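Note that the chains are named A, B and C in the order they appear, and that numbering of residues resets to 1 at the start of each chain.
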Amino acid sequence: MTKLALRYTPIVLLIAAWELLSRTGVVAKDVLPAFSTVMLRLWELCTDGQMLAHIGASMFRICGGLALGITVGSVLGFLLAASTTAQRLVQPSLTFLYPLPKSALIPIIIIWLGFGNSAQIAVIFLGTLLPIVLGAYNGAKGVENTLIWSARSLGASVVETEWQITFRAALPDLLSGIRVALALSFVLLIGSEMIGAQRGMGYLIAYLGDGGDYAGMFAAAFVITAIGFAADRGYLALYHYLLRYREA
Amino acid sequence: MSVSASAPPKIRLNNIGITFRPRDREPVVAVQNISLEVATGAIVTVVGPSGCGKSTILNAVSGLLTPSAGYAEVDGRRVAGIRHDVGYMFARDGMMPWRTALRNVEFGLEVRGVANRREIARDWLRRVGLEKFEGHYRHELSQGMRQRVAVARTFAIDPDVLLMDEPFGALDAQTRGILQEELLAIWGMTRKTVLFVTHDVHEAVLLADRVVVMSARPGRIKTTLNIDLPRPRVAEVTRSQRFADHCQEIWELVREEALAASGVRT
Amino acid sequence: MSSDIDSAAPAAAIIAEPVVDEAAGVDLFRRRVIIARTLLCVGALVVWQAAVSVGLIDAFWISSPVLVVVEMWHLLTSGELLNDIWMTVSEALIAFVVSSVLGVVSGLALSRSVFWDDVFAPIIVALNSLPRIALAPLIILWFGVGVAAKVVTAFTLVYFILLVNTLGGAKNIDNDILTIAQLMGASKRDLLWKVVLPSALPWIFAALSIALTYSLLGVIVAEILASNQGLGYLIAASAGNFNTAGVFAGLVVLAAIAWLFSMAMRKIEARLLRWKPSTASA
């Protein structure tokens, strides 16, 4: 109990310092609204229903983009691992495109797809695709041959072997790739919503900021970072659950 | 014991007891009432069933841990804190993978600021037969070669006392045999004081002036035997009846303890 | 160890070239692979150009290779492109270097003290999993439109990646090596420089390659959001005028820069980590 208290003391102190800095006027209220002001504004935004609608829009886009990215990315990754020819042909393109900051694609995708959900979903899909491809590819490539040989010699079909051995053995790498993708998806979601959207948390932050409602902007930023944090922790729990056989 | 009054022992363990107190669990008595003297230039081996606290004795001499009771002495001075003048070898080679074989051997000399460290390190690599591998990294060496690097690294700093914790335990039988011979050859030239922990009875007899047999946990000294076989311990010695008798006798003692440790009563 | 996933463990960051074992015919084989790849790229460009020329798709939406090259030449000769490249590259590099150095230094410092590590761990773990890009408008509010805001935005993205990974690498150290080094008389300083740092280096490099991408990403987002210079601005401004050729010109240049960065990083990594068994042979 005391240990727990000690662990979270720094966070409490940080909040207290924030409140004090703003209240005493050391930092201008516009630049840094007091913690209590932000919390009050957060309460207002939540109770008048605005916040929920924006959260809903953002979550729909994240889930859509990630679902696409994970499905297409893992299939592509496994195919690349299975076919040396395909790998030889696309390897240079992947090497070239992997480092490109995908946020740069936002403007062109908005031109193509407009301000609706599809633009954000497309950005998230494109941005998360390569890390997932890479995770699936590395995982599938790293499968020990002895595992595959012994499965085949025990009479497993090619499909069974792929599913029972390759997929299972590739899971840790694939799941790590998805975690990278999850973090990226939030960055791309918020970035693209700030740049071109009429709903969503990124839009709300930009909109409140433009209107000079800085306490509201802090509140919205607080909410989306909390959601991002919760998503990451939730994913970690899932990761450990799926890989529980590894933990001795 | 075989220590004469005129020559004080190099290492002295004075009634050492070590108890681990893990948080939220019952304390574990690792060893109790350990008293032992190792004369300068002697090799003493310690055998016993696994988990009897053999390694903790070495840790008490090196100062890596402080005994709960009693104390260790080196050169008549009590051990307090980590000693930098002992050579330590583990079953795992402990090679730094980011340094070449040569630079691994140099490490100890480097942190001591020895100027001609490169020559000394080269010389030791040559003595363990690795002069052609000085530029190789850990992953490019076999397990036996890595352990040879560990031997060279340990001797390069010219320690008075060598503490060896099953240094050849992870090697295959042939490599182990070769490294035992090499260790004896190097020891013959340098006459270091060696405290050597092993669970291999043959190894214990082959190397030792004296073998200490430990009991199952809590580890106590069960018996001490002098090995009065001639040196160098060439093949004729190891094939002799006396060698076999020593092994047989110690094997029986260790077996009793191993059975006791696993809960079987004899 | 079970929370290793908090930091990116060293792994192959890119799909490696397949290894061809047979010594004979390697040259011929490689030549064929290169020809096939070139044909693939050229083919894609030709199809793109043809689709627009034939009138299958309106160049307004997807531009065309010829239009992109023309636009690039135009941007280059006007000096605009070079200025934008300079802005984006310098901002990204400043953010990358500053946050990497600070991240590694604070990670190493924190790894030396169990107490401070315990105190800061919850904050760092939390901050590292936050989508910190949400702070970009706040940062622009605080630092104004300009270099500082862009660098700080990228810094908030990159710093924690380095910190968490350096800390993870420093804690992942082989205890045998640490013990032996201590017994051999290594001072605290020796331990830090000669044992902890080299042992954490693979982890640091794993973070650095992610950090490079993120620092460019942060700068580009900030440039798109609020700026009047840089490749992000070029892309956003072109998109605002529905000048798709300009958008593609900016994207191609940006991709080339990002690729050069990552190649340079891999060269440095291969040099500093040449003691690592290569992943290709494993």
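We take it that contacts are C-beta pairs under 8 Å (C-beta built on N, C-alpha and C of every residue); 3 or more make two chains touch, one makes a residue touch a chain.
Because the structure is predicted, anything quoted here is derived from the model rather than measured.
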item	value
Chain centroid nearest the full-protein CA centroid	C
Farthest-lying chain, centroid of Cα atoms versus that of chain C	B
Separation of mean Cα positions, chain C and chain B [Å, integer]	49
Inter-chain centre distance, chain A versus chain B - centres from mean C-alpha coordinates, in Å	53
Approximate Å spacing (C-alpha centroids) for the pair chain A, chain C	17
Overlap residues in chain A, where contacts from two or more other chains coincide	none
Touching residues (chain side chain A, partner chain C) in the complex	6-11, 14, 31, 80, 84, 87-89, 91-108, 110-112, 134, 137-138, 173, 176, 179-180, 183, 186-187, 189-191, 194-195, 201-202, 205-206, 209, 214, 217-218, 220-221, 224-225, 228-229, 232-233, 236, 239-240, 247
Chain A-touching residues of chain C, taken from the complex the two chains share	2-3, 5, 8-9, 11-15, 17-18, 33, 36-37, 40-41, 61, 118-123, 126, 129-138, 141-142, 157, 210, 212-213, 216-217, 220-221, 224-225, 231-232, 235-236, 238-240, 242, 244, 247-248, 250-251, 254-255, 258-259, 261-262
In the complex with chain C, residue positions of chain B that touch it	62, 64, 82-84, 86, 88, 90, 92, 94-100, 107-108, 110-112, 137-139, 153, 157
Touch list for chain C against partner chain B, complex	174, 176-177, 179-187, 190, 194-195, 198-199, 201, 273, 275-277
